[in-house]
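Below: the structure, in structure tokens.
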Amino acid sequence: MKIGFIGLGIMGGPMALNLLKNGVPLNVYNRTKEKAGEHIKKGAIFLDTPKELAKESNIIILMLSNSNALSNILEGNFGLLEGLKSEKIIINMSTIEPDFSVALYKKIKLKSPSSSFLEAPVIGSKIPAKEGSLIILASGDKTAFEFSLRYFNMMGKRALYLGDIPKASYLKIINNQIMGITMGALAEGLNLSKKIGLDENVVYDIVNSGAFANPMFQLKGKNIIENNYEANFPYKHMQKDLDFAVKLSGEFKAFSPLTSAINNSYILGYDKFKDEDMCAIYKSLTFNLS
Amino acid sequence: MKIGFIGLGIMGGPMALNLLKNGVPLNVYNRTKEKAGEHIKKGAIFLDTPKELAKESNIIILMLSNSNALSNILEGNFGLLEGLKSEKIIINMSTIEPDFSVALYKKIKLKSPSSSFLEAPVIGSKIPAKEGSLIILASGDKTAFEFSLRYFNMMGKRALYLGDIPKASYLKIINNQIMGITMGALAEGLNLSKKIGLDENVVYDIVNSGAFANPMFQLKGKNIIENNYEANFPYKHMQKDLDFAVKLSGEFKAFSPLTSAINNSYILGYDKFKDEDMCAIYKSLTFNLS
Amino acid sequence: MKIGFIGLGIMGGPMALNLLKNGVPLNVYNRTKEKAGEHIKKGAIFLDTPKELAKESNIIILMLSNSNALSNILEGNFGLLEGLKSEKIIINMSTIEPDFSVALYKKIKLKSPSSSFLEAPVIGSKIPAKEGSLIILASGDKTAFEFSLRYFNMMGKRALYLGDIPKASYLKIINNQIMGITMGALAEGLNLSKKIGLDENVVYDIVNSGAFANPMFQLKGKNIIENNYEANFPYKHMQKDLDFAVKLSGEFKAFSPLTSAINNSYILGYDKFKDEDMCAIYKSLTFNLS
Amino acid sequence: MKIGFIGLGIMGGPMALNLLKNGVPLNVYNRTKEKAGEHIKKGAIFLDTPKELAKESNIIILMLSNSNALSNILEGNFGLLEGLKSEKIIINMSTIEPDFSVALYKKIKLKSPSSSFLEAPVIGSKIPAKEGSLIILASGDKTAFEFSLRYFNMMGKRALYLGDIPKASYLKIINNQIMGITMGALAEGLNLSKKIGLDENVVYDIVNSGAFANPMFQLKGKNIIENNYEANFPYKHMQKDLDFAVKLSGEFKAFSPLTSAINNSYILGYDKFKDEDMCAIYKSLTFNLS
């Protein structure tokens, strides 16, 4: 059983290393070969095109930054679909639009009816990727999920099977919808506090003592107070996910006023803050362009 | 040093018991005497009017359900203000409007310039009141705060001095503003999940695993799934606090779209759900009158 | 010069009659032939398939109720695209999603590079369609617009050329976005009035006397007061257009809190009121399921 | 029958002139006497204090810019209340908070039980004040309204009696609530248009052709396009009125998401634009600090 791993960035890099660490024979591909240095050193074989990697692997895992990158890998010259023969398992772990995921599923089945497909977006960022403590949400072909579970367990602390595509994508969006609103709750509270003249450290202290205290408030609250907006989870990614949540709400007729309100707040300062951390929403609320 | 305690309800009852447990000599008053049974058994002296209690006590603590009840105790016949002579410390621990608190301060100073006043709303409900683990937010006369600290420590795990009145009231409102929006984040996520057809237990599970997982999501999420809306923190109290937050935002020109949106959602189902728990906001979002 | 007209419903029916009235030789097609009775009587030739109509006409006008109907006409068996040879002008006057319109443009150019395409959604409903007083927003091939102008002038009082596709679709959406929010302004005012206990007739009177008085307030206000929600402009169409406006706002990063808020209000009562008039938004605001 | 008029500003000045023009004997008072020049020339008698004016007049009309100014005139040294004897009619035409109006009513009745009181806020600004074409909303003592009607008719084109205080204040707020949201509808539409790249003049043209076209869109739309934000109806007054509407919605449990959203948008740019015209809301939406 040979695993192919495409996309060795901030997330994919450490995830692939966790597979190697567990003794899994690995083929790897990345647009820039330099990022594969550590993997090659640990025994991975670098292949020159997605097409070749597809031929040489039984399970192909994709971890790319967005739908465009994914499209290039799949449908570009010497792309993965060209090399797709029979009975492969394709696992897309990148976060993409639900519609795109459904379309992908169809394309793969059309090209190779005997192959399987899973979408498997993850919850958790850089650190959990390194520690192998991601939460993996999967949907698609169930047998493929069961077969792949041992590999998921090397990369994450939990893996859930959610049914048909795009249920995993949906759940990822809902998770980030709740995260975005919760982030906004803190930002609005801190903004009102400042206008009123309360000491932000005291507010931070109280907010982190109550029934709704949580690690995100602790981390992001501290960053806001220290004026540290270095991107951990980028502002623009949060806005993109909130936009998905708004679209889903429209499509499924779910009344979601907070989701809309926080999305609009992210839109408000988008041009200025898009490359900072999602907690820069605090600066959008204050109408503060600096 | 004699302490007088007025208001032996869900919160005040166990708070007064904690003072008795620590050997504090206590005068008590409650509109209905029955609620004072256990206190009397443990050595408290019941006085027949707030006026008498005021005369017989050095520090007078008030824990009532709203401003109206407080007004009656203070300004009614045989009210507290009638009995107010000199050098008393009045501590209002009930949650009231900031303006009302400022007005109260003035009335007390007018009646007895040598007396002191503190507003000291608490964070935490029934259980922390019993366990003496409330968080006490205080503002007003600083010497009075320092003098009263040993009593606060019998009722709470922390007591903070925040400066002039009504800063403690403000912070209490902001705490509940953040709580209300965070509650709404969960409710909207669960509502969208349901419309999409995701298993609510899986959503619950994921939401309680991530960086923003918190005890309130665990408790309220479970209650929503189990259709249990028995009032712990009543819906109408949350709406009242959000209304205060909206007013403060208008007064201090703080951009607070989430606060407004969640307040409107609470208003939406107010007539139907006001006496249920605040997590019944979930039912307002679903436009579900059953 | 032969004109073909497809779609003889509430809008298309009277529009085609206006062409006949001006002496234009007309081919017509409709899914159910009965609706063409009056047109045939006035000289129109009924063709049995969109394919034949395409062959027999130089300019083909489409006025259908939604994208699905349009897809069937174009791409179904014996569909319009099958009959598309060379140098035709296709004019889609149905309101459809901007993306769909762009895709349509590409399909037509692929099938027949020498043909032209215009999207030309209209402003105005039943009555202006009959009276030939629609406003026609057009974008696409400019020469085709100039060539078609004399026909537009038979159906509408004004026709504007807006540039590349999908600019006309965009402007139609923005027009309805402003209409939807304005409708919501009246509904919220009337709802608050009712809660306060003001006489709705007096409010109606005042609202229709000021600087923002407009025919829609006059008509819809009266209907709300008289509890008349018979569909003129259907609730579900307004929600669909607001949903487009929300999506555009997300895509182009336009801060649109009112658009989001009114869309959510339409979503709130969607299941109950979708087939009533758009002014039934008033009933959604009152959380009134009757 | 002698009329006293207090407050000769932008609104009060021309209103008082209209009384003089109709041959009404007039006492006037203004904080700065210069503003009374034209009135005196036309026969008005200037009195040195509100107290004296009250003594010398049967009906006393107040038209001041806000509650503070009104309080000074009424309760300051040599204030109106000092001179209030018996059987006067006091008419406050300034726009003030409903609560303040109720309190005013009580104060006047306490000081002089035989006197009457009307609140009579107006709809319309500078031009209608000059032309005597204001709309006057009145509530309070009905006989006083009937008695004063002939004077109202000299200042306005219509005067409505609405019942008990503060119903006129309420209706004024609701009128401005609807105006504010409607203004916001235009601003959001123009903002989205700009982001999309539509020609703002075309949008303006279309918006002013449809069923919801109105004089305000015509005027304010033109001003926005021409970047003209000179205060006609000041931004800060609109925000104040929207704040009242939000408070009323909270008090009477009216679901008002658009009102909240537009109020927040006004709050967003408040510090920058408060002294410009209310149509500067357009600049707040664009997050444009210039």
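Some points to look at:
Each chain gets a letter, A, B, C and D, in the order it is written, and its residues are counted from 1.
Methods note: contacts are C-beta pairs under 8 Å (C-beta built on N, C-alpha and C of every residue); 3 or more make two chains touch, one makes a residue touch a chain.
Quick caveat, the model's predicted, so the values are computed rather than measured.
Looking at A-D and C-D, the interface holding more C-beta pairs in contact is that of C-D. Centroid distances from chain D, each centroid being the mean of CA atoms, peak for A. Per-chain CA centroids place chain C at a distance of 40 Å from chain D.
The distance from the centre of chain A to the centre of chain D, each centre being the mean of the chain's C-alpha atoms, comes to 54 Å. In chain B, the residues touching two or more other chains are 249, 253-257, 260-261, 264, 268, 287.
Of all residues in chain D, only 257, 261, 268-269, 272, 284, 287, 289 touch chain A in the complex they form. Against chain B, the residues of chain D that register as touching in their complex are 243, 246-247, 249-250, 253-257, 260-261, 263-264, 267-268, 270-271. For chain C in complex with chain D, the residues that touch the partner chain are 123-124, 135, 137, 158, 160, 162, 167, 170-171, 174-175, 177-179, 181-186, 188-189, 191-193, 195-199, 202-203, 205-207, 209-217, 219, 245, 248-249, 252-262, 264-265, 285-287.
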